[in-house]
Structures are given as C-alpha cells and as structure tokens.
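You will see chain A twice below: alongside chain B first, and alongside chain C after that.
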Partner chain A sequence: MTNATATMNRVASLGADVRRNAWTLGLLAFLVVLLVFTKVIQPGYGPIAAQGLGTSVLPLALAAVAQAIVVIAGGIDLSIGSMMALTSVVSATLMKGQSEEFGVAVVVGVLLLGVVLGAVNGGLVVITRVPDIVVTLAMSFVWAGFALLVRAAPGGGAALWLKDLVIGPIGNEWIPRAAIAMVVVVAIIWIPVVRSRLGLSIYAIGSNQLAAFRSGVPVGRTKLAAYVLTGLCAALAGLSLTASTGIGTPVPGPYTLMSVAAVVLGGVSLAGGRGGVFGPIVAVVVLQMIRTDMTFLNVNTNLAVVAQGVILIGVLMFGSLFELRRARA
Partner chain B sequence: MTLPTTDLLLEATGVSKTYGAVVALKAASLAVRPGEVHALMGANGAGKSTLVKILTGAVRPDGGTIAVHGKERIVHSPLEARRGGLVSVYQEPALIPDLDIRSNLRLTETPLEPFRYWLRELGLEDLNLSSQARRVPLASLRIIDLARALAIEPDVLMLDEMTAALPANLTERVLEVIGRQRGGERSVIFISHRLIEIAAVCDRATVLREGETVGVVDVTEGSDDRIVELMLGQIVKEMPAGAERAARGMRAADVKPRLAARGLTAGTKLHDGSFELFPGEVLGVVALEGQGQDELFDILAGSVRPSGGELLVDGAPVSFRHPADAIRAGLVYVAADRAEALLMQRSVRENIALPFTTRLRNWGLIDLARERKTVDGAVATLQIDARAGGEVRRLSGGNQQKVTIARWVAGGVRTMLCFDPTRGIDIRTKQQIYRLLRDLAGAGAAVLLYTSELKEVQLVCDRAIVIFGGRVVAEIDAADADEPALLRAAYNLRSDAVIPELAAVEAAAVAIGAAAVAGDEAEGDR
Partner chain C sequence: MSTAVRTSQWLTPTAWQNLFRDRPLIPLIGLLIVLVGIIQVAQPGIVGLPWAGVILRASVPLAILAGCQVLTMLTGGIDLSVGAVASMAGFVTATFVNSPGGVPLGIAVALAAAALAGLVNGIGVGVFRVHPLIMTIGMSFVVLGLANVWQLQMVQTGAGVPGVLRTLGSGTVLEVVPNSLVVFVPMMLLILLGLRRSGFGRLLYAIGDNPVAARLSGARAWQVLIVLYVISALLAAIAGLLISGLTNTASVSLADTSLLPSVAAAVIGGTSILGGRGGFGGAIVGALILTVLAALLTVLGLPEPTRQVLFGSIIIVVAAAYTRVTGEA
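Presenting the complex of A and B:
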C-alpha cells in the first residue's frame, strides 16, 4: 500500500513538473516547428547555419539569463545592455595585442567587474529604495558613458581561445560550441543557486516579499545577491560579444529590451517569483529563428521587425488564454 | 410637502451575499426610522461591514430588497448611493493622501461652508485646508471624513467604527454631534464595538449574528446584556477537546515563563502589552478588532520594533531587528491571512522549506534528501492533502493553513504565535489544528493563540488574556472563559474599571441625554 502511495505520489509529482514547465515545453515544441519550417523553406539550411545561429544568439541568451534572475527576484534591470557594452570594450581593449595567458586574467577581471556593476545596481536599489526600474535606467546611462570613455569607437581584440569557445562546432558538426558554452554557464552559475538557500530566497522575495520577510528571509541581502548574479551574467554576455565579433563595441545594442522580451516570452512572470532561465534561453532562439525565416522569405527587414513584435504579443496572448482556462478548470 | 408613504426612512429586507463558499450575509434586515440613531451590532464577522457596503452600493447583494422612503431601489455605485442620500464613513479614511484637503473636498463636490461649520462643531476649527492629507493625523482625518459626510446633508449617514481611532475629547464631540441628529428628518446608522457609546447616543439597535438579523432592541438602561445575548445566540456545545488537558492549571511554582512581555507599546494602538507565556500551555488572546493585538503579534514576530516595554525569552531580554531574529529565538508566527505567509505560486515543498532553511546559517547547497524527509514528515503530521502541491494556491484554504503551520513544525517548535489560525476554514481542519496545538503544548512548546472565535478559548486554551484599548485588561482561566464572560471582558464591561476614555464617554452621554431631552421638548412644542 505504501508502495502504491509512493508510486501515486511520484506520478503526481511528475504531472506537477510537466504542468509547471508546460510553458517551456510548449516553447520548445514551437521551436521544433520553426526549425522544420525553416528546413522546408530553405532546404540548404545546414550545419554551418546552425553554428552561426549558436554564435549569434549567445550574447542575447546570456543577457536573457541575466534578466531572468533579477526578474524572478521581483526586480528588473534596464542596464544589462550598457553593462554588456562596458564589459565588452574593457575586455577587447585589454586583450588587444596581448598574450593568450593574459587573456585569462582579463576574463577573470571582467567577470569581477560584472560583479561590481551588479553590486552597485543592487546596492542602490536596496539602500535608496528608489524603484529598480529608475535606478537601473539611470545606471544604464552611467555604464554606457563609461564604455564610451574606455573606447570611443569599436575596436580592440580578443584572445584566440576565447573566440574558439563560441565559434564553430564541437563533436558533431550540428552542435555549436556556443550551445555548450551556454550549458556550462547555466550549470556553473544557475543550478547551484537554485539548489541552495539563495535560490529559494530569490524565488521567495519575488513571489511574496512580505511572506519572505516574515519567514526570516533577509530581503535586502537576497535582492543584492540577485543583482550581483545579473551583473555577472551581463559580464559573460559582454565577453561573448567580444568573443563572437573579435572587437568591443561601446554603443549598447538592443539587448536590454530584447532580454525583457525574451524573459516574458520564456515564461518568467514580470511580477516575480515564477519561471526559470531555460524558458528565456529557448525564447531567444525562437526570436532569432523568426528573424532568420523572415530573411529567407524575403520579407522587408522593417516589416520583419513589426512582425516580430506582433508574434511576441500573439504568443503571450495565447499563453495567457491557456493559463486562464487552466485556472478556471 | 407630501407625507412619505411609509414611516421608515430606510428598509432592507432579506439581504444576502456570498463570496465563493463564504456566506457573508444570509438574511439581513434593517429598518431605520427618520430621526433616529440606529446601532448595528454584531461580533467580528457577523456581516456588519458587508451590509453597510451593500447599502452604499460598494458591494452588490445576491438577494434581498432595499427601500428608501418606501421606494425600492437598486444602488449600483457609491456615487449613486450618495445622490440618493445614503452616505457612509468607512473604517479607513477615504481621503486621497497626495492631495490637499481642499482638493479632496472638490473631488467629492463637498460644499465648503457647511463643511467648515461641521468642522467647527466637531472641534477641529484650526485645520489648514491646504495641508496634504497624508500629513494630517489619523484622528483628524476621521473627523474630516465625518464633517465631509455631514456637509452634504445625507438622509442616512452610516458610521462604521467611527470612534475607534479617536482620542477621548474628539470622541466626546463626535458623539455629541451624532446625538444632535436625533429627532430630525435624518437618521444615522452607528456601528461601534463600544456598548457604552451605543447606550449614549442610540435609540434602537439591530443585532446581526452570522449574517442574519437576530433581533432589534430598544436601547434603554440595561439593554446591554440583551444585546450581548443576541450577539452570542445559542452557544453551541461541540468538540469537548479538553480531555487530554490533564496538567492544565497545575503549574509548578518554579517554572520560568518562556516568554514574558512587560508594558510593550507600539504606535497609537498598543499601550501596555504585558503577559507571561509558559512552556506547555496554550494561552488565548481575546480582543475586539483593532485593540492592539495586531501590533502585539507584529512585535513578538519581529516584524515591528516596540516603542517601549520589555520582552524576555527564557528570562533573557531580547530585541528583534528582523523576523529572522525572532525565529532564531524560537518565536514563530502563523498569520491569519495566508496570502501574507505563503508563496502562492511555489510548491508545498518550498513553502515548508523556506523558513526551515533560514535557521541554518550556511549558504551552501541544500541537502535535498534531508529536506524531503523533513517536509514529508511535516506533511504527514498535519495530514496535508498535497496532491496539488506543485503550486500552493491550488490547495484548499484549510490545506493552505496547514502548510503555514507545517512550515514551522518542520523545524521543531518552541514558541508558536498563532493569529486567528482557523479563520475561514472548515470544521474538520479546525479540529485538526486544535489537536495539533494541544499536541505541541503537550510536547513542551508554548503557544500564544489570538482567536476571534471565542469558543476556541475553552476548546484549546489553558487560560486567556483579554486586550482592550491597547491594554491587557483581564486574565481568565479556561474553566471560566465561556463566551459571555469573554465577550463581557472584551467589551470591558466591568463597573470597577476606570479607563479615561470611558469616563469621557460617560460625561458625553450625560450631556447628550440633556440635549436629547431638550430636543424632545422642542419636538413636542411643534
């Protein structure tokens, strides 16, 4: 009887797992459909294109992870694009013409820089109690300004080993190295966090700050930690920019708002407390695939941007309807 | 001028309202004559506020009729109610904090001259109309609300706990002004927990119990007891759970209290929170709404720092800067509002594990196997139906409440602070919670239990303290703590008690009595 109960519980918990990750699974299915569609309209789509896809989405995927962490904690970070620009130009400038070994030191230093940037963002949010959207918007100007001070025009260089980390295939020609880099980053940063008290606390403050406080969670410190993790991931995103392009660009790309879009599309609630980082990563690939398909279909580039926005809203509406029906059932 | 077809100004019959499975009003009736001050009475949750909200159009009733001047009408919104002459002053000030007083008045189209007149009558003549509402003290805001309502000369003015937050001198003025409404064309519906105020200004009282009107009483000398009796109704004897309370009352003289509070004060609500809580006992806390019990529990749980007084845990003074400090000192808090305690979108496991992990000081990986064992143990102990455990919001209210308790039981309990833990949950779950609290006490834990259901005191507690006006005013042994005794104590109905506020109210009552007599004579002359 106990066995039967245990089995029942296991089945129930499996069902709960599926239900909780329904959004990510649905998104994955959507991605598969898109890939098939792409292969149909462009039979020549092959390993090289897949490698290019991996390299080109990596910066945005890392930015989406950065954004997801802070959004889960109930905040938002509008300075991710600027932090990426700053870390990218700093790494490209320091690495230019230097040895491969020196590149390692630069990478470590830039990651530390990301931690500091995140700590400043989080510290200001926690101490001043100014809304995070305002603090990080203001800091986005500061970080972007610093980036231009470091280097007024695109340039610099990147260590070869760094480029090799994200460009080209690994093992099978269909598997981009960038994908492996992504998996390694998630395994090293996100999984330990989720498994520890910090992860639980991050979800707790995002879900219900009062309940978390009453349960003895140090709300301020946890929020600060979330921003630090975001800064670290933004630095990784900046490094991947340098690695994939070989230079540093001081002007922030569209990464901040794209990361918010990816986070929302990836099933993370902007109200906090719900979702994970896998959904946003898949969402980034989906967004990129849509753009690629538009190119293959010879759609006007400007119209393609419009279409991307419409698809974003459409998918979210569809998802909300689905959620609503489930809540009623 | 034609005479109204009925002599009733306002008549509500058979009004009902349910929220989901909760029945707020079953069959409430209320008949108000012109020129009377009519009290609406009832214990916590009897449906008074719901009825007032329905009368003013803030809430739509499910059934029943409401007639004004003999004409049936359906009120869709507070604005419509106001145009129809029904105005309410709610428990919370209804001024927009970021606007100044003058703009607030403009917003509700309040005529300025009558407003100033009533402000003077209410003893607040020196108010600066340009000051921002958020900078005006709470008591003054209540007065402004009242003056604003009086200025538009409503047919029926409803006052919901108007005097609760007022100091004695203002209470006196308010009661005097309300008393003056008697004998005219207009009426007042007056809700208050203070029987002495009812006796001072009201003509009749309608008593609600569990959403039903159970009686209408003429307020005269000695009607207090009749009102209390109606509020209580037939006292149901059920669940004699006290059998296992063998050791109760027999406390060795040398046992030190687990928790001792001495003269705790906070804000304007709590003035003297003093009691001792011993290991192995369940101590009940009984109070009407807003007597300072919320503040007391917030202090004990570490959410709020007291402005005065002393708190000792196991004889050593403590001062909590954060709930985490209280939790480490063994004081855990079970809130009535589950939305304030749970992570609704997260799983049962996470909800139980959250406070339990905060006791560990390490930030490393959580030992999942051990955590699962602890969580499973707690789920089994409380018989939580965790089939929908992926997200706590999908659980029933009773199961959610069990989770809020399980999360503390999982880590071992020394002192549990329960704030109305059985509010709005079914009887079976209630009994499980009673049993659990007794078991905890039996195992040596100390339990502090605030309850709005008075019969819980005899079911679960060893003794009870009563808070009134921010002070602990009585301690009653469970054997003597039947509902009438508790309710009398909660209303502070003791002739020997001398409390300044009451003295002031009594003085006001005398003055109003004289005024009423004068008014009656004037009426007779007409």
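Presenting the complex of A and C:
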C-alpha cells in the first residue's frame, strides 16, 4: 500500500517535472529530430562536424546562460556582447606570447573582471533605479569603448591549454570538449546557485518584486548578485571566444540580441521569474543546427538568417497564443 | 508678500523637481546650450550658422528614429527593428536607380516593404502578445536576411544612391538650412499634434499608462498597436532614405549604428521605457544633444573609444537625474 502510494507520488512528481520542463523537453526532442534529419540529408555528417558545432556554439551558449540568469531575476542585460568583447580582448592581449602558466592567472583575472563588470551594471541598476534596459544599453557603449581602448584591432593570442579546453573531442570522438566545458560551467555556477537561498531569491524578485520585498527578500542585493553572475558568465563567454578563435576582437558580435532571442526561445519569460538555463542552451544549439542544415540543403545563407528570425517569431507567436488560450480556459 | 513667497518657492528643491517633471524640455534645452557653450570655449569660432546646419542635418534622421522609439515606448513597447528597416529602405531604393521604374518606384517598394515589416510587428505584438523587444529583434533578423538576399539578386544591375536622396539628405539651403527639414518639419508637426490632439495619440498614452484601464474604457489595444508599428516602420524607412542620402552610401547595415542612439535619444528626451510618459519634443532635443555631444567629443580630440565611454556614461547620468527628480522610472 505504502509502496504503491510512494510509486504514485513518484509518478506524479515525475509528471509535474515533465510539465514544468515541457518546453525544454520539446526543444530537446526537436533537436534530436534535427540531428537525425541532418544525418539523413548529409550522411557524411560525422564527429568532426559535431566537434565544430560544439566549439562554434559555445560563446553564444554561455552568453545565453548569462542573459537567462538576469532575465529570470526580472532584468535584462544589453551589454553582454560588449562585456564579451572586453573580456575577450583583455584575455587575448595579456596571453599573447606568454607562458601557459601565466595564462591561468589571466583567466582568473578575466573572470574577476567579469564579476566587476557585472557588479557595476547591477550596482547602477539598483542605485539609480533607472530601468535595466536603459542602464545596460548605456553600459554597452561604455564596455565596448573600453574594449577598443584595450586593442584597436583584432589580435592577441590564447594559451594552448585554453584552446584545448574547447576545441576537439574528449573520450568518444562524438563528444565535443566544448560540450563538457558547458556542462562544467553549469554545474559549478548555476546548479549551486539555483539550489541555494540566492536562487530562490532570484526567482522571487523576478516573478513579483513587491511580494518578494514584503517576504523579506533583499531585492537590491539579489538583483546585484544576478548581475554579477551574468557578468561572470559573460566573461566565460568572452574567454570562450578567445579560446575558439585564438584572438580577441574589440567589436561586439551579434551576441547581445542573439542571447535575448535564445533565452526567450529557451522558455525563459522576459517578464522574469520563469525558466532555467538548460532551455536557452538547447535553443542555441537548435538555432545553429538549423543554420547548418540550411547550408547542407544549399539554401542561401542569408535565407538562413531569415529562417532564424521567422522561427523565433513563429515559435513565440504560437507559444503566447497557447498561453492566451490557457489563460482564458 | 505674495511675490516674496513665490520667489522663495522657486528656490526650493521641490520647485525644481516640479519644473523637471512638468517641463522637461527646459532643463534639456539648458543642457544643450551648455554643451554648445563648451564647444565654443574648446574651439572658439566654430559655432556659427554653417555649424548649426551641419548639426541639424545630422540630427534629423536620428530624431526620426527616436520618434519611432517614443511612439512605441509610450505604449510600453520598443522597436528594435528600426535599424534594419531603415538600412533596408535606403538600400532597396538605391538598387532601383537604373531600373525602368526609377527612384519613385524604388521608394514605393521600400516604403511598402517597411510597412509590411511593421504590420507583422504590430500583429505579433498586438494580436499574439509577443514581447515587443523580442518581436522586433526577430523582425530585424528577417529584414536583414531578406535585404541580403535582395543584394545578391541585384548585384549585377549596379546601384547608387539616387541624386534626389543625396540632395534631400545632405544638401542645404544657403549652406545653413538642411533640405531634410522639408521632410522633417511636416512630420514633426504631425507627430507632435497627433500625440497631443488626436484620439490615436491619446490612446497610445492610455495603453502605456494602464492597459487594463484602457481596455475597460473600450480601447482596442491590438488595432492601435498594429497601426502604431506600421507608422514606426514607415518613419524608420524615411529616416533610412535620409541617412543614405546624407552618407551617400547604401548598405544593408547602414543604419544599424543609429539603433541604440535612437533609444538613447528617446530616453534622454524624457520618454519612459515603461510607457505612458514622454513626448516627441524631448526626443528631438535628445537627438540634438547626442549629435552635439558627439561633435564636442570630436572637437576635444578624444578618440572614438573614449567617446563611446563618455556617451554611455552621460546617458546613465541623464536617465538617473530623471528618475531622481520625477521619483519614477
């Protein structure tokens, strides 16, 4: 009897888990379909391509994680692309021609720099009470300006071990090292946070700031912490850019807007308080796979950009239509 | 006695706050004059009628794009597709120079394409309730991609910025008054009067200020939003035509650099990104301030990176000052 109840409870909680993560699971299923489809249209799609996929999506995946954290906390960070550019040029400039050991110090220093950048963003948002989008928009100019001051043109270098972290396979030839790097980052940064009091506070201020405040959540400090985590992840994304390209580029890439798109596709509500970091990561891989497939199908690459936009808009339209229906029912 | 009381009231901080809140244009114009004064001190003799003409000419397209942001921000939205739409409009028109239809056909096609993009934005935001930020980001991908496809199609026919646009965008009357004012002044009057006097204008404020109250009062938000985003895209297209005339270039990424400044100009001009507060007059002054600021930083001989850093800092300072004196974001 108790056994049966326990089983039923387990089934029920599994059902709840599935329902809660329905969006992410759906995305994962779609990714699997895409992978099978890729293998069908391009039988030559092999381990090398999978490794390349891992390396090329890593910067955007990390940027999406960075954006997800701050969006869950009810904010948004439009300076992620600039922070990536700044951390990338700083790391590439410092590592050029230096020893491998010095590279370790540089990486630690750049991660600290990311924390500082995030703290400045968050501090300004909390102190000035100017909307997040305005503050981070303005800071995107500031960080991009600093990036250009560090290095006017692309260049620099990366330590070999750093490149080895994200390029190539590990164990099985099908498993890209970049994927392992991603898992390690999520395991070290996101999982401890989400299981702690801080994680709960981040979701709380994102879903209802006033209610969180009245329940005794330190809103300002939590928001600051969320921006610091975002800065840290943006620094990781910048380092991964340096590692995968071997140089630092001072001009921000399309990462800011793409990260917002990936976050929303990944099931994080822009209103805050809902979603996680796994959905956005899967969304980034899906977006990249669609691009790859369109190349295999000999579709004009520019139409691939169109397709990304259409998919983004289409998914969101049907997603919110579904929400509206449910709200009415 | 009463005069004495009034005088003392003028000197209280509250009175200053009221001035800022009720007449934000006065301190903004004050800031503009201060900036012009600094330029005059930094490089005596530079400020004059021709200089004013140059500043005005550069400000017109930015002011129009800022108008897009003001209109959409009043409803609590934002239009991040204006950069892509503006570039597309300038580019498409340029590709029609050597075609049988000529420039008028090119402009008509460009405006129609822009209106279509705006229509889709409006349907997404108004009917499907997609977040405006993400809807317009997705649309910017679509527009950019399609413009690139168009570029590949048209590359054989040859293209150039039509003389009409060059005259309109960069020409001046007596080396002082920019020709672009012919387009801008009627547009400005239409927007200013439209926001203040027309039912549509009042609906924008109503929807942004309190969507529920607006709905209960019988406002059909979705209809308003569709028309609004079409207007925004058309304004962006006109700005794009002027920019291509001003710079004598036509490329699919021409106006991208104006996107974030357009948001900044609207914010500096006192429009709240949360909706319901602001106006076009402030945005025009905001665009002038940003242009004068860029000129000032050039006069001071500061390199581009430093300019970006100062640019971002000033946006934050002005926005923070607003938040402080108005007590709201």
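By definition in this document, the second predicted complex is superposed on the first by the 312 of 329 C-alpha atoms of A that agree within 3 Å, B and C clash if a C-alpha of one lies under 4 Å from a C-alpha of the other, contacts with A are read in each partner's own complex, and residues count from 1 in each chain.
The working rule: a contact is a pair of C-beta atoms (placed from the backbone, for glycine too) under 8 Å apart; a residue touches a chain by one contact, two chains touch by 3 or more.
Computed from a predicted model, the values in this text were never measured in an experiment.
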When chain B and chain C are modelled together on chain A, clash or fit: fit
Chain B versus chain C, judged by how many residues of chain A each one touches: C
Chain B versus chain C as contact partner of A:L297, first or second or both or neither: neither
Degrees between the directions from chain A toward chain B and toward chain C, using C-alpha centres, nearest 10: 70
First (chain B), second (chain C), both or neither touched by A:F213: first
Partner chain in contact with A:V104 - chain B first, chain C second, else both or neither: neither
First, second, both or neither for A:S140, with chain B first and chain C second: second
Which superposed partner A:V116 touches (first chain B, second chain C, both, neither): neither
Touched partner set for A:A153, first chain B, second chain C, both or neither: neither
First, second, both or neither for A:G309, with chain B first and chain C second: second
Closest approach of chain C to chain B (Cα atoms, Å): 6
Overlapping contact positions on chain A, where the chain C interface meets the chain B interface: none
Chain B to chain A touching residues, read off their complex: 301, 303, 322-324, 326-328, 333, 335, 339-347, 350, 353-355, 357-360, 362-366, 368, 387-391, 407
Chain A residues within the chain C interface of the complex: 76, 124, 128-131, 133-135, 137-142, 144-149, 152, 257, 260-261, 264, 270-271, 300, 302-310, 312-313, 316-317, 320-321, 324
Chain B-touching residues of chain A, taken from the complex the two chains share: 12-13, 16-17, 19-20, 192, 195-198, 200-201, 203-204, 207-208, 210-218, 269, 273-274
Complex contacts: residues of chain C adjacent to chain A: 78, 80, 120, 124, 128-131, 133-135, 137-142, 144-146, 148-149, 151-152, 260, 263-264, 267, 272-274, 303-313, 315-316, 319-320, 322-324, 329
